[in-house]
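Next up: some structures, all given as structure tokens.
The two complexes that follow have chain A in common; it is paired with chain B in the first and with chain C in the second.
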Partner chain A sequence: MWHSTKSHDKQVIFCKSTAFLFVQGMGMKLNTSALESHRLVIGTSDELPNGFSTAPSFEIPNTTDFDCFQKEAIQMVKPAKGTTTLAFIFKEGVMVAADSRASMGGYISSQSVKKIIEINPYMLGTMAGGAADCQFWHRNLGVKCRLHELANKRRISVTGASKLLANILYSYRGMGLSVGTMIAGWDETGPGLYYVDSEGGRLKGMRFSVGSGSPYAYGVLDNGYRYDMSVDEAAELARRAIYHATFRDGASGGVASVYHVGANGWKKLSGDDVAELHYNYYPVEPTIVEQVMVET
Partner chain B sequence: MKEQANWSPYDNNGGTCVAIAGADYCVIASDTRMSTGYSILTRDYSKIRELAEKSVMASSGFQADVRALQKVLSARHAIYQHQHNKQMSCPAMAQLLSNTLYYKRFFPYYAFNVLGGLDNEGKGCVFTYDAVGSYERVGYSSQGSGSTLIMPFLDNQLKSPSPLLLPAQDAVTPLSESEAIDLVKTCFASATERDIYTGDKLEIVVLNASGIRREYMELRKD
Partner chain C sequence: MARYDRAITVFSPDGHLFQVEYALEAVRKGNAAVGVRGTDTVVLGVEKKSTAKLQDSRSVRKIVNLDEHIALACAGLKADARVLINRARIECQSHKLTVEDPVTVEYITRYIAGLQQKYTQSGGVRPFGLSTLIVGFDPYTGVPSLYQTDPSGTFSAWKANATGRNSNSMREFLEKNYKETSGQETLKLAIRALLEVVESGGKNIEVAVMTKEGLRQLDESEIDAVVAEIEAEKAAAEAAKKGPPKET
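Up next, the complex of A and B:
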């Protein structure tokens, strides 16, 4: 049941309402008498005798297909691309971070997924959306980048690599691929960061976060971001942002990995279990115990 | 209202597969029950296939797709042997399986696979897959109808520090080969109690430096 009720009599009312829906079938006017609160003539308060308060009534939308309307609303809230990844450009290069949880519906299928994919020694890609889609197309991108190097005797730019991926994903638009990735790298023009997704979108930017945990990560990231941070400060900001996202988002968790892309390529800076990070940031104060129970 | 198809090309034949990697061995196991809906088709169906000298795959799901997948991989391995004059290593087979699954991204093999074997250094390795080819090297895994029952138990017994941690912490299963086999038998005995699609008989394949060995154990038939 998607109703969460507090008191017993509220539950009874909701059960009655669904019984009415079954009987009504589709397309008929709903009998909402069960949802209306029992208003007493005595006084203006909502209280029944014996101190119980009435169930508050609420408006329901006037649609022809009430059951499916609710289904769509629930679908809207379902975690889309259950993950948290982020990347940002700062003075010393690009910082890339991600969690490591993979979920299939409500089941956690893995807590140790590599969501930061090493395309080549100076370019990273992040994974959000369908795990197989991201893994396969990033590997394919790595192959194309290597072929470019061999054909042109120079490394491919981040602009070029992201364009290659975006064009492939655009050609599969509408076929159900789910990819929300960031391509981060360092080329001749300096640090580069692009966001590419399976709708065919490609955006150049300084700060991105992708996934169901991204609103939480953005909150921390946008608050603490300055262009002239040191590598350590930037790494700590990235780590905190991922930690806060895993704290509040059920679809994110596991290990928070942080990578730095500099002039000499990428380097993994840290990989910390988010549960341990929690107790690092919020240590448990030992409580003063006045009386201790001792086993006799 | 949009019309829904009355016929589906897929069916789920149930069953559970488990694989555990050790320091110098790998244990791959699955039950031998094949079902459709509430009926049992047979009590004696092997879901395990040796793809190469050091790679063994166990798959649950739709067995027709599993059989087709096994044939494709065996054929590709034969070609590899002709071209390179050697057996495919387990990590190479893992990548091949991933690509094979992804090539049918828009009409997937309904197969949930675990690939077990020995890597190039002789250490046990287990690779776990989803239906469209996303894969990961792990120390242990289970797939199939009983996986939600078995995985938490394996996490409790075997969970090792994540390979993503930095500084890296050693992640080898500390069990000996016989302990791992006992653990697998325990897993299936429990899963059989609570999953209707798991039971009848347990087939265990053990891979180590001396070769491949098979063992069987009876499970509840109800």
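Up next, the complex of A and C:
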């Protein structure tokens, strides 16, 4: 997780908000936001010859090397998806788990971040990358899902919801959004799990883990995974995987939350402090010397 | 009154939008079109004015596909129809692109009606001069539907409806004779309604049947066969009415 510091990314954030206003202003007509690319137009006005307006532009900063300036802003954001989140589909639905640490470089800024976002009562999203980006776009996705439900009198599918998010993220590609999220839910076709990221990628799958602690989580998850587990077994597997990731990865820690998405929607199963989990899995065994000292 | 019928965006003192009402007049002068919904099929039938000798009749298709599972027939200005149909086709694909699912009949009807409404509330444009009959199957539930839109932008679902020339008599016929049908019976009901106002014969009507598998346009010989069946049934009914009293 990263939090923005005030120095370079003021410009980047400003660009995001004007781009957002432009997208919102389009209203609910034929949604071509997926087909257009909101590229920054450097230095020109908003009007093209025929009276069509382009993506909004803003004053570019007076640097000697504009291209590298933008790259620097993106690089500051990029490597830092310091988190561990995972999700997998099994017989009884989808299990979603995440840690709760937020770090700014080496500083732990919070141990209690909610990284599993409740989009609506039957869909969850996970947060990795920029906290603000993930929170905002998941809220926005929740709005879109609700509007779809109202207009079409049926719930949106997990496929559709993940596609909406992926299209939005694709249209902001290259502008510095940092989002690595999984959309997990249960719809008419059963459990659904998609990985969506800020590069515009979208993958359907049975098991995903995202973040700096994901290699460790994958190790435990892939080892212990079976399709026909019970809810409790799956929850324990998810919890263990997060615990092991927080043990080895410095950017993950805090509380391991585990959610289950079933036919009736999601339910939070547990939220255990990983330090306590450590002593649960590896209880302290007193050495003989200590025992003797205690007895005397 | 005459002063209030120029611009579309001007109400008359008694609450009419005259341009919209004139558009409905244009619809009333258009070809007759009928749609009937059955339990497993939906049938569209359109009156075909006799084609000129040199005209290639295959290029004058009146019942068109919007997507694999949705078809449309209309009455009114055919050029306006072409534009509306193209926009609807694009929207069907755009919907598939953004949510990876085919449109429902209700969704695309709502879209077309919304488009028609937009043109009643903009400056410098006139309304689309056509009413459409939209049929199709819901891709999730497999339920057949029939919807109608009109130039004012309203839409609703129907069990059976008619639009265009003499639509009132066709609708009366349908109201009297409608019952839940399936398959061939639905087809016969639609053709019977159309024959109320159109000269009998395969070359004067165009009929298409939509099932779960897709749209099937009937060719002239098939239509003639069904028409013959209908005529035979009518004759039998007439004979039955006159028959029994003689056997005393």
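Of note:
Note that in this section the second predicted complex is superposed on the first by the 209 of 296 C-alpha atoms of A that agree within 3 Å, B and C clash if a C-alpha of one lies under 4 Å from a C-alpha of the other, contacts with A are read in each partner's own complex, and residues count from 1 in each chain.
We take it that a contact is a pair of C-beta atoms (placed from the backbone, for glycine too) under 8 Å apart; a residue touches a chain by one contact, two chains touch by 3 or more.
Keep in mind it's a predicted model, so treat the numbers as computed, not measured.
When the two complexes are overlaid on their common chain A, residue A:Tyr107 makes contact with chain B while staying clear of chain C. Of the two partner chains placed by superposition, only chain B is touched by A:Met175; chain C is not.
Looking at the shared chain after the overlay, A:Ile156 reaches chain C, while chain B stays out of its contact range. Comparing chain B with chain C, more residues of chain A are touched by B. In the superposition on chain A, A:Ala132 makes contact with chain B only, not with chain C. Within the superposed three-chain model, A:Asn264 lies out of touch with both chain B and chain C [touch as defined at top]. When the shared chain is aligned, no partner comes close enough to touch A:Ser230: not chain B, not chain C. Shared-chain residue A:Asn280: touches no atom of chain B or chain C. Applying the stated touch rule to the two superposed structures, the chain B and chain C interfaces on chain A have no residue in common. For chain A in complex with chain C, the residues that touch the partner chain are 30-32, 34, 148, 151-154, 156-157, 159-160, 163-164, 167, 188.
Residue ranges on chain A touching chain B, taken from their complex, read 100, 102, 104, 107, 109-114, 130-136, 175-177, 254-255, 257, 268-273.
By the touch criterion stated above, chain B contacts chain A in their complex at residues 98-99, 101-102, 105-106, 128, 130, 132-136, 138, 148, 162-166. Across the complex, chain A is touched by residues 90-91, 94, 97-101, 104, 106-107, 110, 140 of chain C.
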